[in-house]
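Here the chain labels run A, B and C in written order, and each chain numbers its own residues starting at 1.
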């Protein structure tokens, strides 16, 4: 067994996940270091979303152990665990009957923050995700797709969690908005240094945002490489991916202009 | 804000429900009920007019209630305060007891049970016994020379019988009678509307009917009432059933009804029934006439 | 109009019967909501139960109202007081629309919203009371509305077994062959049903999620 780095924020130890007769994940061993952006890359059915959901215990492993901040998930209180992890999904899932303000402020509110602290935090976060303060009183149905996802990210950051889970967060947006949000997220992460696990099937996005890319195929971890290593990799799956995505990947890997 | 409004709405609803649930306290009025056949309507009207004449209370009439059970439920719920019932009916249909040998003390038994179980009491009996009358045509009675039910049972296999719905179903009705007298008819007795039985008998559609002893048509159509020699039927004395709460609040009601004790004979009831049914006179008028004749009202 | 004059002349009685009717409908709808909404939530979350529960409620509703009254009459505790019996029967009748609409309402909440809520660390009860129920309330209320309108109608039949209410006028009027008496019961009953339908419908629209 490999020595476990002291800074590992999230660990998967021999994790497998099975539902009825289908083996969805097998033999997963992975460490996510504190402050890094680990991208789970793979095509549909590769098990990447399942892996993500094991972190905040929306799913529980069939065998093996998942640890967050050194504590096995099975032993921690699931509500406390989830409150300490930000969760952003593709469909955003904003509460339609709450204003932007109440959406972002929900976790702080149930954590018992005083009202004025919540209000200040909402204003702060709106700015962080590039929205004006007047957005606070709007309802989700009044926002564009891009604005909604910005609110989604703000909501995930509200209680200042150390870990952020993102499941294809920009997948439902148009290419221009997606590009914009990717760029902004990258800058945000440089400032905040959260531990991020980011799921995507888009290699370009992975190269742009990830500090490391964990390639998954058919429920197994194929390889974990930095963006630069990925491009030069001789691994058959990795190179298949690179070929499928065509040109212009270098600049993505270099976090340059797209 | 929204939660506040919803809660207020809910509170208002609950208050309306509580208001509605309070047993109607008939502060200044008395509600008289009755069943939906002529004799009950006449008795109801009688009670109503007596109370109107002898108290200052406003009287409301809620007649034509569909039967014994409906009246019982209405008086228990306080929707009516008084209604005319028969001791025999109260005993068997409501208290679900058997009359027992010799039909002794039915009035007292019913009164005690009503007071104990229902918070209801009985006023004094009005005087007549409206028991079940097994009627045959006067001609047949004379021709066959029969006077009692025991004698009649010999002829039953050649007869068709007609009964009202309640008589067929009640445990103190047809079933027990057939057993007691060994009655076997040619075919199943026909179930008919009470009002049509007497005429069907006269018109030879049936040969034996279960009517009431005070049926006005008995004299009018020359029908003969067979004697219940084995005393199968319990007495059916007419009595006012009264809510104890009503008596407490308005003792003058009790006094007014006490004056009616024993005032109506079998024959007088028959005549009132006939006046209303046969002569199609208004119950109001018939009752007024009767009360005047007894000097109970002006 | 003859009927209007009659109703005004007897307004005390009509009012009393209307209150009695409201009592029957209101109490039974409250019970049905108290039982039906939690049941609806239960089967929305544990879908294995949804077929048996909905099927049972469906069967109860299929029984003709008067027949249901008849079934319950021999039960001595119920038969002793007709209004008790009527309230029980009305409650049973109101269950299906309420359970079914609660089920539909909760299942109709966007799964992404539920997933986001759960992932954020909302407890199951916070999720239920702060997210699912507020989003489903309009659909649930529409089920309550159907239940109320059915109950107003069925309660008029309850008078046939002695439970009182506006139906008592109708049955008495039939026996008396007097239209005014019949209408003194029928008209307020119809008005009650309309008012309930419009009233609850208004609340439904106000609470609809955007």
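The rule we apply is simple: contacts are C-beta pairs under 8 Å (C-beta built on N, C-alpha and C of every residue); 3 or more make two chains touch, one makes a residue touch a chain.
Quick caveat, the model's predicted, so the values are computed rather than measured.
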Topology of the chain contact graph, where touching chains are joined (line, ring, star, complete, other):
line
Specify the chain with the shortest distance from its C-alpha centroid to the centroid of every protein C-alpha atom present.
C
Tell me, please, which chain's centre (mean of its C-alpha atoms) is farthest from the centre of subunit C?
A
So, what's the distance in Å between the C-alpha centres of subunit B and subunit A?
83
Distance from the mean Cα position of subunit C to that of subunit A, given in whole angstrom
47
Measuring centre to centre with CA averages, how many angstrom lie between subunit B and subunit C?
36
Multi-chain touching residues of subunit A, meaning two or more other chains, are none
Residue numbers on subunit B that touch subunit C, as the complex places them:
2, 9, 13, 16-17, 19-21, 24, 29, 36, 60, 62-66, 69-74, 76-77, 79
What does subunit C use to touch subunit A in their complex?
110, 112-123, 126, 130-131, 134-135, 209-210
If you look only at subunit C, which of its residues touch subunit B in the complex?
12-13, 16, 19-20, 22-23, 26-27, 30, 81-83, 160-164, 168, 171-173, 175-176, 203, 207
Inside the complex, what are the residues of subunit A that reach subunit C?
56, 58, 79-85, 87, 89-97, 106-107, 110, 139, 141, 152, 155-156, 165
